[in-house]
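Chain IDs A, B, C, D, E and F follow the sequence of writing; residue 1 opens each chain.
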Amino acid sequence: MSTTPFKIPIVPSIKRETYLNLYSRGLRLDNRDLYTPRRVEIETGVVEKANGSALVSLGNTKVMAGVKIEVGTPFRDTPDQGVLTVHAEFVPLASPTFEPGPPDENAIELARVVDRSLREVGAVDLSSLVIREGEKVWIVWVDLYILDHDGNLFDASMLAAMAALKTASLPDYEEYETGEIEVLRDKSQGPLKVDHTVVTVTTAKIGNYIIVDPTLDEEAISDARMVVAVDEQGRIVGLQKTGPHGYTREELERVLNISLSASKVYFKSLEEALARQG
Amino acid sequence: MSTTPFKIPIVPSIKRETYLNLYSRGLRLDNRDLYTPRRVEIETGVVEKANGSALVSLGNTKVMAGVKIEVGTPFRDTPDQGVLTVHAEFVPLASPTFEPGPPDENAIELARVVDRSLREVGAVDLSSLVIREGEKVWIVWVDLYILDHDGNLFDASMLAAMAALKTASLPDYEEYETGEIEVLRDKSQGPLKVDHTVVTVTTAKIGNYIIVDPTLDEEAISDARMVVAVDEQGRIVGLQKTGPHGYTREELERVLNISLSASKVYFKSLEEALARQG
Amino acid sequence: MSTTPFKIPIVPSIKRETYLNLYSRGLRLDNRDLYTPRRVEIETGVVEKANGSALVSLGNTKVMAGVKIEVGTPFRDTPDQGVLTVHAEFVPLASPTFEPGPPDENAIELARVVDRSLREVGAVDLSSLVIREGEKVWIVWVDLYILDHDGNLFDASMLAAMAALKTASLPDYEEYETGEIEVLRDKSQGPLKVDHTVVTVTTAKIGNYIIVDPTLDEEAISDARMVVAVDEQGRIVGLQKTGPHGYTREELERVLNISLSASKVYFKSLEEALARQG
Amino acid sequence: MGKKGGQVLITEEGLRHDGRRPDELRQVRMEVDVLENADGSALVEFGGTKVLAAVYGPREPIQKYIVLPDKAVLRVRYHMAPFSTSERKSPAPSRREVELSKVIREALESVVLSDLYPRTVIDVFIEVLQADGGTRTTGLTAASLALADAGIPLRALVGAVAVGKIGGTLVLDIDEVEDNYAEADMPVGAAPDIGLVTLFQINGVMTKEEVAKGLDMALNAIERIVEMEKEVLRSKYARVGEV
Amino acid sequence: MGKKGGQVLITEEGLRHDGRRPDELRQVRMEVDVLENADGSALVEFGGTKVLAAVYGPREPIQKYIVLPDKAVLRVRYHMAPFSTSERKSPAPSRREVELSKVIREALESVVLSDLYPRTVIDVFIEVLQADGGTRTTGLTAASLALADAGIPLRALVGAVAVGKIGGTLVLDIDEVEDNYAEADMPVGAAPDIGLVTLFQINGVMTKEEVAKGLDMALNAIERIVEMEKEVLRSKYARVGEV
Amino acid sequence: MGKKGGQVLITEEGLRHDGRRPDELRQVRMEVDVLENADGSALVEFGGTKVLAAVYGPREPIQKYIVLPDKAVLRVRYHMAPFSTSERKSPAPSRREVELSKVIREALESVVLSDLYPRTVIDVFIEVLQADGGTRTTGLTAASLALADAGIPLRALVGAVAVGKIGGTLVLDIDEVEDNYAEADMPVGAAPDIGLVTLFQINGVMTKEEVAKGLDMALNAIERIVEMEKEVLRSKYARVGEV
């Protein structure tokens, strides 16, 4: 059952006024303009035990992604494909409002939006993950770990997932006569095959303004948010409206244009980080 | 842990008096006599995707039953039999007192009483459900979905289960060389083999009166209820006393006589509905 | 999440004074000296359906242990060994503070300490439990059932586990051509092979005193407890500090000496009970 | 005539696999006050079936919202120890245990004078230590004894036993072997002193006449069972009196 | 051109596997007041997709701490019946159902005048009885009708439909067969009377231009869907008026 | 002498598989104030083991009933990230994590001056980011630092390290490879400034003399660890002072 959030402190209307006032002058509290994301920092290889990993800071928001690659069974209707699974944990050290326990609707929505955006465009080449068709394939687990929450978990998480996947290596394995597969965790077959790069751009609608990459305070005063997933070719590869309010037809057009444009900043950050790593 | 119900509003004793008064004249609030069930309506084939389905109205009580037939593994001690499983959901749209979540003791009791009454008499011929002995059999899932609760969920549920089973068809399948079985959901092997017809008759004890098919209001003022399962030969194929109070030896005899007699009404409704369907 | 216990009644400081006063004279409320456990009673074979069982009373604390031996799959990294699993239930009839539900942190700690103390020293010869290497082994379930809680569940549980294991018999089995194993529950292959005997000695630290086998009242006023597992050769085969306070280096030495010495009482009780059992 | 799987369940002489006559109970053992912490407790055995029951209360529940303004709330848990069954039972409550907790609670509701203790709960915990048929009836009997042992005022004591139908013959107090091959199993719980049947189920196929006859067998036996309960409680109080 | 697995999804004449034109809805059926106990209810069918919605409230919740001082709390559950899908669905809520419950709740938040009922909850229960594509949009439409049927004041009615992209062609109201082979699926929910899109998702790959065109198709259809909702509600009130 | 599975764990020269001497710690790294939202936080690394800890509080809990009238309630969660281990770990808390949460909480109870904050909770969240042996001791060390960083008054800082026994030799701060082949593992946590051992476990077989010797090794190392903690906290406050 999804419930109107009732634990969130009511935002004083004065605060909203302050923000709207700034926006009207094209400004934000942290000196950004309306359409520029916060500073992005991407560090890869932060967890050596994972097959791929990344720590992403987007302003004060921090997300870690770990990729683990295990042997498993394919889905019945796709015997010739590996499996990609995205999971998100809002660990309680990230925010005073997060509580221990199984993922809530926000964590589930985050994981599913990232998962679909990767899956629908075929970001990871699942056909390269077959060991024995219909029997044994590689399962790629992407675990998103929110460490510090200052708004816009979607974009930070997608950057972390992408950086971890693009630096992940496929482990080697040994096949016994019994058919049993043993993963050789210390030996690599080479990099995981990633065919597409995807980023999401989250905008918030606050009054009549559309702003890119909202902070936690901006999320609290926003009417709704839109998460637009974009690939390296500028195609829309996923989209999710989230939050309680609606958009006019005209606002939707603006959101798409703003998002496609802002996506370039994220692509650049990713490229630079991976080049450094390279 | 089973707990005395504590959320149920206390029934004003004046209400109970009114009902007892009516009963003393052989009457009920809805003009029935003490031993006649409410109007029964049975519609089958209401969910085309299910292998069998039925929607039953018993007065204002509404129960839907869906039969799904899947391939599975037999129980270890009955390798030569398919499996019949009954499950009941008290979905929250049916009553202001139902809450989302796993089945509570009432839903579990309902499902188990229906299950046993079908199983003990061998209503479904489980030996006809073997694909490969000890390995692959048909699993028959009967899902009871309570849509509107105005008392006597047992009788309505059993009618729905029976109507769904008697109109269910067994899907066809293909067996691959690997031994894998694929269900051909759109092709039927013919009807599911149902050897016996079972109905339950629920009576409530209110004061010294035994009444058939209590409404929700009558259940609230009742001392106890008895659910008697009867097959087409008039044999007792299951029985469950439910509710907080007890019965005298003499009352038990009366209950059995009343139930066996009232069962004919339900059998007639079932027959007519299935003939119409025919 | 582990939480400071908040349901426990606050112990009046006067009570603690009374106890400390007694201790200063080398006495306890039940006339024991500081280093002697309560009277131990051990009855084995109390549940004939189990492969081994024991009921242990340690003063008013009562613990039942049942050993069930089933066929299962070995762990992947130990294909040549059976499996030993210890599980503890704090059933609500044992104490007004126990509640129905899955094991809480205290029950989990108890089971894991008993499990490790048995496992690390190789008390049960797991290599004798292989039916077909890598495929079928015996799983030995030790279920600890707390029936009455008057303090020191560790020592009573370990005695019960040990007595049940040492009187357990391994069931016979039949192997079918299909490779399927059927357990012949009524036939025994002989006794379960138990190579070492382990007891735990629990001491409580109350003020500057170390006392053996605390009662529930003594646990309530204690600063911390130490559970020392000892085998028949006097080796330390496990240890767990439990409770909120700490120990000085000197106190740790005293605890070890006291525990090793007190362990002999438990060994004697065990031996006598098993001898009686024959 | 009741011969399946190579097991002769009723001999030509009309005796059962363990030598009992059709209307004979297994050996029954009852003991009260077997636990220290509980306000009342009892251990009841019918042959190989061993059930422990404990009662706490009337007491204030931790979750305050469950109380009732006009009477005590009764909470009953029927639970099987993992080692009580042939195959180890997972300790998580099964659907069967949920149903039987309800059936036993409802069999006790009408005898407990719960009106005397508004805003409290009375907890009844039943643990099956060994299961050899008839665990719910043995559990109900143990619960009745434990309630009495706890000093909770009761309208009457409850006793219970199951009747089975094997090869067409009705037999009293069936054990697990018999239950596996029975055509029907009819557990009955009753409070003879107030003439009420408070637990009644049939699993299987019976005629109306068989039900009537089975009820007679059960109620007859329950009178004896409740007599035993009284005897056990009397000797306990006698014992207490002597102290 | 949209031909996979031997299934022709769009013919040379531009018709779909069930004979519909690209911008054609399936047969839509709406009914309100279909349940007795609920304060409001509706059954909505889009072709083979059948969804039931019921509304309870505004009412006081059992867990008091979830209320808000300045408005009603909206609770929405989207749930699929076990028999609604090709393979039996476990009744435990899946991650997909958790997400869709949230998406539908957020699509309703801005039309419900929840400020009128502080310290209460409004419960919306959506049960998918048969799933043949478009269950979330059909569910949102049914929820809107059930809220109106319950007499809950709304800023505007909401209607919803999905647009799919198959072999490069945009098609309205895709069914399950089409969804299985579609390159993209774009569910849209809107309140045309106040000009707001309140549910919007894209699963799949689309260009900006396709999104714009798809939105036009969807919004156009939603106007017709909301007209049907009004008609159904009018005839109910007419009926009530006649009594 | 400690050679199993082809792995030489202690060389003839008495060095360990990574070149350390028996009484040598791995490279230790400590950092505080690494998170923005938490009231206090720390990242501690012992070789490949990386653990993050965060502290929130003293604050009012959502569930009011858990508070105590005379002191703060301490809540500790030890949790492993799914990617922290060789094989992916399910995020649901394991029995091991439940036990270690308790063991770590009890190791902190006696140093936190909880009497100063009645009716509040202090939450300590420990996340193992990479597990290479000694996660509980590293976690306790990180928790101590995070508590200090949060400004929670402490009786003393706590440090922790494990001693292992490999082929009869006692070695300090064992890593995962060593742990897999060790005869015993003895984690120790202590507050040297008040002379108290607050975490103490032995998994494996040891003589009384080995325990004594191992304790000396551990306590010796813990003094150095706590010195490092102080240094890290000092430089933070120095840094803050400079601003």
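Operating definition for what follows: a residue touches a chain if its C-beta (ideal position, glycine included) is under 8 Å from a C-beta of that chain, and two chains touch if they have at least 3 such contacts.
Keep in mind that what you see is a predicted model, and the values were worked out from it rather than measured.
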If every step must land on a chain the current one touches, say how few steps get you from subunit D to subunit F.
-> 2
Can you spot which option in B-E, B-D or C-F is basically A-F again, with over half of the contact pairs the same by residue number?
-> B-E
Farthest chain from subunit C by C-alpha centroid distance is chain E
Return the distance between the CA-based centres of subunit A and subunit E, expressed in whole Å.
-> 27
In whole angstrom, what separates the CA-based centres of subunit C and subunit E?
-> 58
Give, as an integer number of Å, the spacing between the C-alpha centres of subunit C and subunit A.
-> 48
Could you tell me which residues belong to subunit A and also touch two or more other chains?
-> 1, 100
So which bits of subunit F are touching at least two other chains?
-> 77
Classify the inter-chain contact topology: is it line, ring, star, complete, or other?
-> ring
Should the ring be read from subunit B with subunit E in second place, what is the ordered list of chains?
-> B, E, A, F, C, D
Taking the complex as given, what residues does subunit E use to touch subunit B?
-> 35-38, 41, 48, 50, 52-54, 56, 59, 62, 77, 79, 81-88, 91-92, 123, 125, 127, 129-132
Subunit B contacts subunit E in the complex at 7, 46-50, 53, 60, 62, 64, 66-68, 70, 87, 89, 91-96, 99-100, 102, 141, 143, 145, 147-150, 185
Over in the complex, which subunit E residues touch subunit A? Could you list them?
-> 65-68, 70-77, 95-96, 98-99, 101-107, 109-110, 114, 184, 186, 190-191, 194-208, 211-212, 215, 219
In the complex with subunit F, residue positions of subunit C that touch it | 1-4, 6, 10, 105-106, 108-109, 111-112, 116, 120-121, 224, 226, 231, 235-249, 252-253, 256-257, 260
